[in-house]
Each structure stands twice: as C-alpha cells, then as structure tokens.
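What follows is chain A paired twice: with chain B in the first complex and chain C in the second.
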Partner chain A sequence: MFVISEMINGMYQKVARAIQAKDAQVIQALAKEQVDAGADALDVNCGPASREPVKDMCWLVETIQSVVSVPLSLDSTKLEVIEEGLKTAKNRTIINSSSADIERLQKYIAIAKKYNSSLIALTMDKKGVPQDKDRRLELAAQILACAQENDFPTDEIYLDPIVLPVNVAQKQLSDTLEAIRDFKMLASPAPKTVVGLSNVSQGSTQRSLINRTFLIMAQAHGLDAAILDPLDKDLMDVLITSELILDRNIYCDSFIDAYKKSKSR
Partner chain B sequence: MFVISEMINGMYQKVARAIQAKDAQVIQALAKEQVDAGADALDVNCGPASREPVKDMCWLVETIQSVVSVPLSLDSTKLEVIEEGLKTAKNRTIINSSSADIERLQKYIAIAKKYNSSLIALTMDKKGVPQDKDRRLELAAQILACAQENDFPTDEIYLDPIVLPVNVAQKQLSDTLEAIRDFKMLASPAPKTVVGLSNVSQGSTQRSLINRTFLIMAQAHGLDAAILDPLDKDLMDVLITSELILDRNIYCDSFIDAYKKSKSR
Partner chain C sequence: MAEELKCIEKWSFRIRELQIGAGKEEGGTREITFKVGHQATLPYLFKEGEIPHRPIIAAEVFDSSVDDWPQSLSEEIGSVLKEPVDWAVKMVEELGADTVCLKLQGIHPDFGNRPAKDAVALVRSVLKKIKTPPIILGCGDQDKDNEILPLLSEATKGERLLFGDVVQDNYKTVTASCIADGHNIITESPIDVNIAKQLNILVSDLGMPLDRIVINPTIGALGYGLEYAYSIMERARLASLAGDKMLAMPFICFVGQESWRAKEAKASESDFPSGGDSRERGITWEVVTAMAMIHAGADILTMRHPKAIKIVKAAIDDLMKK
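Now for the complex of A and B:
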C-alpha cells in the first residue's frame, strides 16, 4: 500500500498558521513525523485560506523537500498552482487531481507528461459523483482512453472511485470496493487505484474504526494507494497487517516495527 | 456474518473442569455471555480430555439449550459423538466437520440429512491440507458434487478453505481469500463459506490484530461465517463495521450497540 499522508493541508489550522507565518520548522517537523510513521508520499495542499496559493505551494514544496525525499502529491483545484509546484519539486510528483471531464483531463495529462508526474483522476464529471459502479467504470474507461490517446502511461494514472460517507451513501460503498477491483482490468498496463480515506467516515461516529475497516476491505480488493493520516496508529497497524496477509512483507514477530523502519528515511 | 463462538471447548481448562464436574452454571454463563456479545451460534466441543465424549456432548447440548436457543455447531472428530448430540439438540444444528474424503463425506451427509443439519466440510483429504487455491477449489467441487449426488442442499454446506498460520504459510493466505470468493461460484444454490479464524495467528505475536485484519479481508471476499471469540471486542467492532460497509446493517450513530442488541436473545 502506497501511503500518501493527508496532514500537510491548510485546512488544518496549525498548517494554515505555519504557511501564513512561513514557519518552516512546523512544516518540516510535520513532514518528518509523517514519513517516520510510514508515509510513502506527502499530499501538499495550501488550504482554502491561502491568498497566494502559487507562492505558498512553492514554499511548501521547497520547505518539505529540504528535509524528506518522498514523492509529493500536489493538491489544488488550480492547475497553475500545481504547475508551479511541479517546477519547484525535485523528487517524484503526483498531481491531485483531475476529474474525468475530457477538456480538463487533457490539460492535466499534458502537464503530467511535461513534468513526468503521476496523475490522480477522479471518476466524476460535470454531472457530479456517480451513484453506482457502472458509472464509475464508464468514467474510468473514459479517463484511461484519454491517457492512451495522449500517450500517457495508464499505470501512471491513479483512479479514485470517490468514497462517499457511510452515513450519506451507505449502499454505494460495496460498489466502490468492486470498482477498485474492476478498474484494474480496464487497461494494460493496469491503472493504479487510490482513495481519499477519511471521507468514508465524514460526519459519523467511530471515525477511526470506520476508516480502518474500509481501508482493509479496499486492500482486499486490490487498492494500491490511500490518502490518509499515518499518525492514526490503529489504522497503520491494520494496514501493515493487511500487507502481511497479502504476502507483501515477510512475517517476523516485530513485523509492525520492521515495516515502519523500512519506510523511514 | 454468521458468528460461531469457539469458546465452549474442552481445550479451555475452565470448560474442561466444568464438563468433568458437570457444573451447568459455568457452561450456561459462558453460553449467555457469548450470545450477548454477538454470537449467532455456539460451537460445542468436549475437548481432548473427555473420557466419555458421547455423554459429555449430550450433557453440554442439554445444558446450553436450556438457556439459549441459538444453533449449536457440534464439533467432534467422532461421528457417533456428533450423532448423539444431534439427537439431543432441539434447535438448528451444524455438524463440525467432515473432510473431502468421499467415504467419510457420504457418512456425514447422510447424518446431516437425517437430522436436518448443516455441515461444515473442510477442503482437505487424506493427502492433507492443500498448498494452493486450485487444490482447494478441486476439493470444494468434490464436496459439492457429493452433496448433489446425495440430494443434500448445497447451501447447507459450509466450505472451510482451512486458514493456515501466517507464520507458517504466509503465501497461502491470499489463495485462501480468493478461494472464499470462488467457492460461491461452484454450485447453485451457492455454498456457504466458513473459517476457523484464530488459526491464522497461531504462534504469532499480535494475535488479535492479525485475526481481525484477516477477518475483514475475508468479509470483503464474501465470507459467510466464522468460528471466533466474540468476547474479543476489537474483533467484533471491525466485524460489525464491515457489515455496515457491506450495507447489511443500517448506519446509526450507535451502530455497534444496535447490532449487539439485535443479536442478544
């Protein structure tokens, strides 16, 4: 499981304040903490309060990459913010994210190609979020066809089926799980799959329990990556144990520590 | 998920002592505790120390069914012990268990038919436990063909793919998970599937964590039933949450308590 930490996001007050004050120590401590906890990549989002998102994104990228060398997932609704972040980034990058709307997607794919970046693509379009599995598959196929037409490698696409909250769209969660499995069959090389995990428990009680249970079920369906909070120890413990069951780590009595040590740089 | 409690088993000293002393209160308290914790059925096993297993099985069945009305899973390596238990049982029963050896299986199916019982059948034979998914499927097909030839309903068969310990046969766990999914396609009506959960963590550290992670992955693959310890709260919490994600319980803020209340009789 490729773990993308969701914690460097201006929607969190601590991060928003650090961005505004250009307090590098706060951001760098956060970045190191995430990687030590098992993050393979860091999502970077200036947040809704940023008045100069291009400048803030570039500052965040520089600040983070001076202490950790993991890939960065550049997260913004504005393509110009992402592009300036890509110019600044020294290591691998992921663009987060495009929708399945062809016009938008073509622009994002062009930028991803130009900067040798991976791309998260959401299976939603102007009509909104799909209400069933078939529509998710249809939009996924549209995304992958667009990648192929533009000579962009399909295994650099992370398809996101959009996980809805259990208290809003409970019936759709099994659809989402099955979509994760079926997406892999839509192109060769197979696309990767990703979820923004915490959305599943938005507005619910027992958030951590719901998050980790959904994550394991998604891992059982072949999920490749998740945007999540690696500081949630219970979540990371089951994530690591799922990898063990899938034979991706070798069992030893201290398999949880061994996994974290293998990740921290 | 059909939860079969594994706790009324003479391999536990407390139970062995209660059987020997014919201390009904201990067994009845245990039975009620399991059902209150969410058990849908109770496995009943006299244990290896029982000198009069037929008598002990009948006493256990009578003792338990005077306080709870859940189905009993009669667990013994001796068919005569199971048959006397079946004669004594007033409620639904499950025979635990036959192997896939035809001669043995035919006897067990005959008894299951006679007493209107379900039957757990292990995908193993005289050659031992399968080393891969294909052999598990082959033995499962053999079991289901035998059921069909003997006019025994295939959906009264619980196929057990035999979960091996992660520290012994790590590579086989994904085979086992996939077998759980594929078994359902081998007959119509589809057979049920069951695992003896605690075996997955036999001899490992982090037993509860490994048990619950494997259980959720198996639920994601469509597992119908598991023999487990319902007093493991962390295990039951994820089990209930998996059912929520699969849309088998309706979300409410107190969904865990609601599930347990719906089960306790």
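Now for the complex of A and C:
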C-alpha cells in the first residue's frame, strides 16, 4: 500500500499559520513525523486561505524536500500552482488531481508528461460525482483512453473512485469498492487506484473506526494507494496487517516493526 | 534466444552489499578482501539488473580431527588435515578456495573442550598465514560459543571478519561483540523465512548495521531438502527485491557440511555398490548441491572437496560471463 499523508494541508490551522508566517520548522517537523509514521509520499496543499498559492506551493515543496526525500503529491485545483510545485520538486511527483473532463484531462496529462509525474484522476466530471459503479467505470475508461491517446503510461494514472461519506451516500460504498477492483481490468498495464480515505467518515462519529474498516475492505478489493493520516496508529496497524494477510509482506513476529523498518530510509 | 528472456522485471530494491575483510587503510591487515551481494535482480539475470559480485567459496577447515570424513575426501586434502593452519593455507594457496571457513569444533564440551586460549592462538596464526579474511564459526554449544567467540572477535578487532552463527534464542552476546569490534555476523534460521526475518530484526535492534548481516537460511543437500531450501531462498529474494529490507542480505550456504552428511556422498563402494565410484559420487553430490544453491542466490558457499571447489569455481566463472 502506497501511503500518501494528508496532513500538510492549509485546511489545518497549524499548517495555514505556518504557511503564512513561512515557519519552515513547523512544516519540516510535520513532514518528518509523517514519514517516520510510514508515509510513502506527502500530499502538499496550500489550503483555501493562501493568498499567493503559487509562491506558497514553491515554498512548501522546497521546505519539505530539504528534510525528506519521499515523493510529493501536489494538491491544488489550480494547474499553475501544481506546475510551480512540479518545477521545484526534486523527487518523484504525483499530480492531485484532474477530473475526467477531456479538456481538463488533456492539459493535466500534458503537464504530467512534461514533468515525468504520475497523475491522480477522479472519476467525476462536470455533471458531478457518479451515483453508481457503471458511471464510475465509464469515466475511468474515458480517463484511460485519453491517457493512451496521449501516450501517457496507464500505470502512472491513479484512478480515484471518489469515496463519499457513509452518512451521506451509504448505498454507494459497496459500489465504490467494486469499482476499485474493476478499474484494474480497464487497461494494460493496469492503472493504479487511490482513495481519499478520511472522506468516508466526514461528519460521522467514530471516524477512526470507520476509516480503518473501509481501508481494510478497499485493500481486500486491491487498492494500491490511499491518502490518509499516518499518525492514526490503529489505522496504520490494520493497514500493515492487511498487507500481511494479502501476502504483500513476509510474516515475522515483529511484523509491524518490520514494515516500518523496511520503509525507513 | 528463449522467449522468457524478453520478460524483464523491474525491481525496486537490491540486496545489500557486504564487505568481508578489512585492508590496512580500513583498520585491518587483510591483503585480499571480498564484497558480496548488491544484486539488483535474481541470480544471473544480467538483462534484468546488475549483479556486481560473484559468489565466493570458503573451504571448510576444522580445528580438530575429522575422523569421520570418507577417505575419498580426506586423502585429497592429505596430511594437513591435522594441522588447521597448514590446511587453511593449502586450501587458499594451492586448491583454489577464495578463503576459508574455520569451524571451531574442538571447543565443544563433547569434542575436545579446548580452552579459549587455543582458539585465539589458532585464529591469530591463520590470520598471519593467509591473506584473505577467514569466516569463523563456533561449535554450536551456546555457552561455549558465548564464552569464546567474543574473545575471538576482540582479538581480531577491525579485521571485518564474518562470525557465526547466531540463532533466535541466542544472539545477543556474539552480536554485541561483533558490533563493537566491527565484524559481520551470520544469522541462522531453520529453513524458515519468517524466523530469518525476525532474527534480522532482533539483531538490527541491537545496533548491527544491515550491511553487516549474512543470512544462513539452512540448507539440505541433494536428496535431503535441497528443493525446500531453494524455495525459501527464492521467496526471501523475491521479497527483498520488492523492498523487504529485513531479508535483503547476502546468503551463506553450508554446502560442504550438508553434502558430506549424505550417505550417497560418503558411503564406500562396498557399502553402496550401485552408486559407482565413491570419489566421483561424493564430488558430484557436493557440486550439484552447490550449483543449486548458487542458482537460488547463494553469495558465499562453504565447501570441502578440492575437486568440487574447482568445478564450481569454473562454473561460476562461466555464469558470470554476461
């Protein structure tokens, strides 16, 4: 499981304040803490309060990569903000994210190719988030066809089925899980799959329990990556144990430790 | 060319590189040192990834008499069998071994119970007489090994030798000495990849760097579990190349010890007439076992028969021609 940490996001007040004050230490401590906890990549988002997102993205990328060398997932709704991040980044990058709208997708794929980046593509378009599995598959196929037409490797695409909160769209979650499995059959090489995990428990109580239960089920459906909070120890422990049960790692008595040690750089 | 060679796997990780022996500039006295491991692919798939180092062969040398060896083996080594220092020199200088693996059987309470000072003196003499770094093995008795191996580690401090073996329920004492004195260590597990991984974690938790650990997966000779050992090694290698750092260490395989334990290798012609010439039979048993281990990913082989060593060394030369 490729763990993308969600914590460096201007939506969090602590991060927003650090971005505003250009307090590198706060961001760097956060980055190191996420990586030590098992993050394979860090999502980087300036947040809605940022007045100069292009400059802030550049500062965040420089600040983070001076202490950790993991890939960065550059998260913005504005392409110019993402491109600034891509220009600054020294290590592998993931663009987060494009929708399935062809016009938008073509621009994102062109940028991803230019900077040798992976791309998260959401199975939603102007009409909104799909209500069922078939529509998700249709949009996923549209995304992959666009990648193939533009000579972009399909295994560098991370398809996101869009996980809706359980208290909003309870009926859709089993469809979402099935979509994760079915996405893999749409292209060769198979695309990767990713979810923004915390969304599943948005507005609910027992958030951590809901998150980790959904994660286990998604892993069983072949999920490749998740954007999540690696500091949630219970969540990371079930993630590691699910990997073990799926034979992704060789068992040993200290298997939690072993997973973390194998990740340590 | 065969079709399967076109299927090139992309691996994300490689085996750790380990150095045996330290030269003068590194704080030791060895004129010849070895590097093993660091493969970026499965054995000899040069098209898939880099394989920078060849496997090395360490000749097994004992500190006490080996009366139970079959004649076809002992007569080949000759009179030096009773003189471990001369035996070591002969194996390296005349009979083609890369280095020696000194087994201190004589310190075992049941096989001589020799005192520590004899073992220290022997190791010092071997170091003086050969240019290569010897591998040093205890006798398998935990108390005796915990008493004597730390003294040998200290006496050879800075030489970056390879000491063994440590096991899951007895690893702390010898590992701590090897960490302090800058040596490498062999972690032994009973043909069990789960225990191999666990022991490496335990040893690294004590502070042993991962690039100073060699895995002894425990093997069986041809006819005695060879395939099982092969599959365990293969599983560990596949996991390592996919990123499991706790198994990504070089392997040592005790080929000599296991092959010459097989009745097919040691039985005389009168006891086993259908087996043919006993000398050829024993050599073949050791060679076949060694070759299987090399293809499973062995980095260090310990061997006994000079002819078998010669054959396997030539085969390694051949395999390493890309």
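Keep this in mind: the second predicted complex is superposed on the first by the 265 of 265 C-alpha atoms of A that agree within 3 Å, B and C clash if a C-alpha of one lies under 4 Å from a C-alpha of the other, contacts with A are read in each partner's own complex, and residues count from 1 in each chain.
One rule holds in what follows: a contact is a pair of C-beta atoms (placed from the backbone, for glycine too) under 8 Å apart; a residue touches a chain by one contact, two chains touch by 3 or more.
Bear in mind the structure is a predicted one, so any value in this text is a computation, not a measurement.
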Contacts of A:261 with chain B and chain C, given as first, second, both or neither: second
First, second, both or neither for A:246, with chain B first and chain C second: first
Touched partner set for A:129, first chain B, second chain C, both or neither: neither
Chain A residues touched by each partner, larger count belonging to chain B or chain C: B
Which superposed partner A:24 touches (first chain B, second chain C, both, neither): neither
Shared chain A contacts, counted only where both chain B and chain C touch the same residue: 250-251, 253-254
In the complex, chain A residues that touch chain C: 249-254, 257-258, 261-262, 264
In the complex, chain C residues that touch chain A: 193-195, 197-198, 201-202, 204, 235-236, 239, 243-247
For the chain B and chain A complex, residues of the former touching the latter: 166-167, 170-171, 173-174, 177, 200, 204-206, 209-210, 212-214, 216-221, 237-238, 241-242, 244-247, 250-251, 253-256
